[in-house]
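Next come the structures, one after another.
Here come two complexes built around chain A, the first alongside chain B, the second alongside chain C.
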Partner chain A sequence: MDQLRLLFVDDEEELVSAVVERLELRGIDGVGATSGDEALHFLRESSFDVVVLDVKMPGIGGLEVLRTINRRHPEVKVILMTGHGSAKDNEIGRRLGAVAYLEKPVDLEDLLSTVDQALNPEGGGPDGR
Partner chain B sequence: MTKSAQGSAEPRNLVRTADLPEPEMPGQQVSESAYRRLRHMVVLATATVSLLPLAITVVINYMQFHEALQAEAVDPMARLTLNTKRSLELFLSERRSALTFLVHDRPFAELCDRAALTRIISNLNRSLDVGAFVDLGVIDDDGAQLCYSGPYELEGRNYSDQDWFHEVARRGTYTSDVFLGFRNSPHIAIAIKHDRPDGGFYVLRATIDAEMLSEQILTAGLQPTDDVFLINREGILQSPSRHYGEILGQVPLPVPHYSPTVEVVELEDDRGRTIFMSSAHIHISPFILVQIKPAREAMGRWFSLRSELLAFLFVSAGLILAVILWGSGQLIRRMREADERRTALYHQVEYSNKLASIGRLAAGVAHEINNPLAIINEKAGLLLDLVTVGPETEHKLRLVTTVDSILRSVQRCKKVTHRLLGFARHMDVQNETIDLENLLREVLGFLEKEAEYRDLTVSFRVEDDLPTVVSDRGQLQQVFLNILNNAFAAVSEGGQIEIVLAREGVDNIAVTIADDGVGIPEAHLQQIFDPFFTTRPGAGTGLGLSITYGIVKKLGGTCRVESEVGRGTHFTIVLPISREG
Partner chain C sequence: MGDDHRRPWQREGVLFFGDVIAGLSHELSNVFNIINEMAGLQQDILAGAQPKSADAADRLSELAGRIKAQVERGETLNQSLHSLAHSVDDANIAFDLGDTLELVSSLAARRARLARVELVVHRPESPVTLEGDPFVLLLTIYESIVAVVGAADSERRVEVSAAQHDSGAQVFITSADPLPPGVADEIAALEIGHLSWGAVHTLDPPFPEPPGRIILDVPAVAPALNAPADEEGQEDPDGN
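And then the complex of A and B:
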């Protein structure tokens, strides 16, 4: 299998840099973006297997980015992430085609297993709900 | 950054809320005296508008009846007086006419003949049917009786010093009061003056027995208590009276003023009786005819009618007052209940709003904490990664354990923030599928520290295969938090609280929260769901259980409570498995 390419989007730069570094330590090609605009820019420039998106961001919000990804890059799996577990956001995210919904702070191992399940759904086990 | 702007938004909102002017106090309790004042006003106003017309009607009726019945009593009396007056006047004028005829018809010489006078008397007495004169005399202008015919020895008497003689000399005719005179027997005198051709005059004088006069007074139709008599203008009785003295005695009644017609007045006599006095002045005489009728007799019908009228007034006024008092009591009671309900509702809304605000605040705080927490989490994770892959150093193990400790703390924080978020998240969500045990455990999470601190044991007993319920999560959280709070307050250190979840019937689940605390006295059990009822004044609003009760009812459930002082309390909330409507 090719190297996994993951785009991590969150407005907290400290968080993004730490996550990207930890992904790299695990041999994953992680790219960080600190805004919706930046994320969409990266998506246009190169291809990703998975995008991990913070719902609440200044400028273009996570759900908006999710809609754009659905339109332009339907093959990309999206995992949503939020600091406040609003049932409504979860519901909208699922309807928009997000494969999973995680509550902050996200444990990296949990994130990776969710990514794994998103990419190999036939692999069995719970679907990351 | 937007996040920090958001962070300051909440407190700013709170400040703004606190600066708002006081609302119109819909939640304020209306005082007892205000209700009393209101009731007094209602009673007064209603009584005035209902009793005043009644009183006016009764007064008008009273006056009209009084007038009508008085007329009914007085009119026959006045008629009788008038008839008697006429017959008396006829009697007197007949006799005067007879004398006038004599002085014109007979020459003076014949009148001075005693035998002729005697014959004239006997002829007159024969022609006037009710008897006529006792005697007849002729008196010259010096007052000397020239000739006399009658039963008394009066010939030669001189009347020149008597008032009546001067009166007749001046006016031509004269009718006297009743008097005793020389004969010492009550009589009246009628005198006629006649001028002689030589310039002198003489007087023809006749007397009539006073008894004859009394007989003229009509007594037909008189009741035994009635009286009719004659008086003169000085109030001296001119005929005997049944109740007011003998002839020539002073009558103990006021003398009526002159009036050409019959006058009827109501007055009180010397014995304190209220009487009607009808009176008439007898023409060409000094007499006044007086008829007396006691008011009690005359107005007998009036008195009974008056009693009936007054009884009617008092009975209807009493009834109206009773109805007003009862009605206003009901009205005020209803108003008060409505006020209490409104107040309770207001407090419930206020309570819910407060809870919602706290929830929103908690959610905001939790959210703000989650972001830095995520950074701490990742940085610590990175640190752990780097240490793990890095070369072995003497501090490696300590570093790993330290980072682990940081990560565990982050997990603990995460649990707290998630619980807060969970609580706030369900604030306004309605009708979802709820696992009651999970919900209760979630609520207990808030009380965990207190339980630990006070060494309380909270145990669960859940029936197998218990179905989930469809209900309002936030409202149920509020209900259970409230009851658990009460249970925690009731138990002492080391106390036990048991939560039992079981089916009740086919459609319901009963949640029983049992404590081994102080219990509730039986007298209070009836009231614990009432708004403002509290056993711990100052500690709460006394609204908790009433709000709980309201919520459970709204959710289609029921509440019941069993308690024994010293043994503990069982609160049971029965909830329908699926909510209808």
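And then the complex of A and C:
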């Protein structure tokens, strides 16, 4: 079974670092990016099953990254997250093809459950594959 | 005509409050999110295969230091909120311009970060005391910084400094990038500082010579605030 590869994108470096460490402790190949530019760079260089993407970031924002992922990596599932609920962002994100929209603080177990559902919409294994 | 016509500075002040409080609130949420995640990581490590190992102890200790740094960050943000809240306590008070510059820079930090601009503040070499409404001056400097930050181009660095000048002070907002003509219009629209403080914005050097900076001339003592609504002949919003 392939190891799940997850790209976690948020401009808060310490948040990214902690989440990636926690993913690794769960046997998930987590990669962190602290900007939209960096996320797109990683997506060009490697392949991922899921991208978890903060909407509001300096430079290229999450929705713009989502648009680019749709064009260049349509096979990648994208989960958006935001600090404060925004119905407009949620609606735009859904329209752009995000599979889910989470509000921070995002509980890691909830995030992994959402990843699992995104990858196995008909129901699948407990490890998100 | 409504209150916005009578007292544009009131509406401007409320918008300023909303803008900076929303930004600081977002930053505080980020701090809580990070602490939450680090606490989760500590739990994960403790629940791991070798929780009593030296490696686990080192990682837990390192995490404790990172959590402490986030708590300090949160406390700084909270102090900014506290200072902002108290800046409206007294509309005629003596205060230190250096303190105002530091506060306004902390309030504008998120705007600068989102714009990927490095915002640097320099306190005056010697203390500069002004007398008037600190909130209005805070707002005036903030909006000037936001205008310059928004115009930053390739260098993306803005410095804020001040010095005693004649009977008052000059505040300098300097961009490492040339300031585009659009900034002049934005600055010209900043009436509140002029109304309350008699503060005057000038651009140095005049366009189109780059690079540019805004100089804000502020008197040591603000003239009395004469709101348009108080003047004789002003339209009554209630129609009386």
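One rule holds in what follows: the second predicted complex is superposed on the first by the 123 of 129 C-alpha atoms of A that agree within 3 Å, B and C clash if a C-alpha of one lies under 4 Å from a C-alpha of the other, contacts with A are read in each partner's own complex, and residues count from 1 in each chain.
In this section, a residue touches a chain if its C-beta (ideal position, glycine included) is under 8 Å from a C-beta of that chain, and two chains touch if they have at least 3 such contacts.
None of these values were measured; they are calculated from a predicted model.
Student: Give one word, clash or fit, describing how chain B and chain C relate on chain A after superposing.
Tutor: Clash - chain B and chain C, as placed by superposing on chain A, overlap.
Student: I'd like to know which partner A:E21 touches here: chain B for first, chain C for second, both or neither.
Tutor: Touch status of A:E21: both partners.
Student: Per the overlay, which chain contacts more chain A residues, chain B or chain C?
Tutor: The partner that reaches more residues of chain A in the superposed model: B.
Student: Counting only touches as set out at the top, which of chain B and chain C does A:P105 meet: first, second, both, neither?
Tutor: both
Student: Where along chain B is the clash with chain C: 325-333, 361-369 or 541-549?
Tutor: 361-369
Student: Can you pull the chain A residues that chain B and chain C both touch?
Tutor: Shared contact residues on chain A (touching chain B in one complex, chain C in the other): 12, 14-15, 18-19, 21-22, 25-26, 58, 83-84, 104-106, 108.
Student: Give the list of chain B residues in touch with chain A in this complex.
Tutor: 1-3, 363, 366-368, 370-371, 373-379, 381-382, 385-386, 389, 410, 414, 418, 421-422, 425, 429
Student: Going by the contact rule at the top, pick out the chain A residues touching chain C in the complex.
Tutor: 12, 14-15, 18-19, 21-22, 25-26, 56, 58-59, 83-84, 104-106, 108
Student: Using the touch definition from the top, list the residues of chain A that touch chain B in their complex.
Tutor: 10-12, 14-15, 18-19, 21-22, 25-26, 58, 83-87, 103-108
Student: Using the touch rule from the top, collect the residues of chain C that touch chain A in their complex.
Tutor: Contacts found on chain C: 26, 29-30, 32-34, 36-38, 40-41, 44-45, 48, 66, 70, 113-116.
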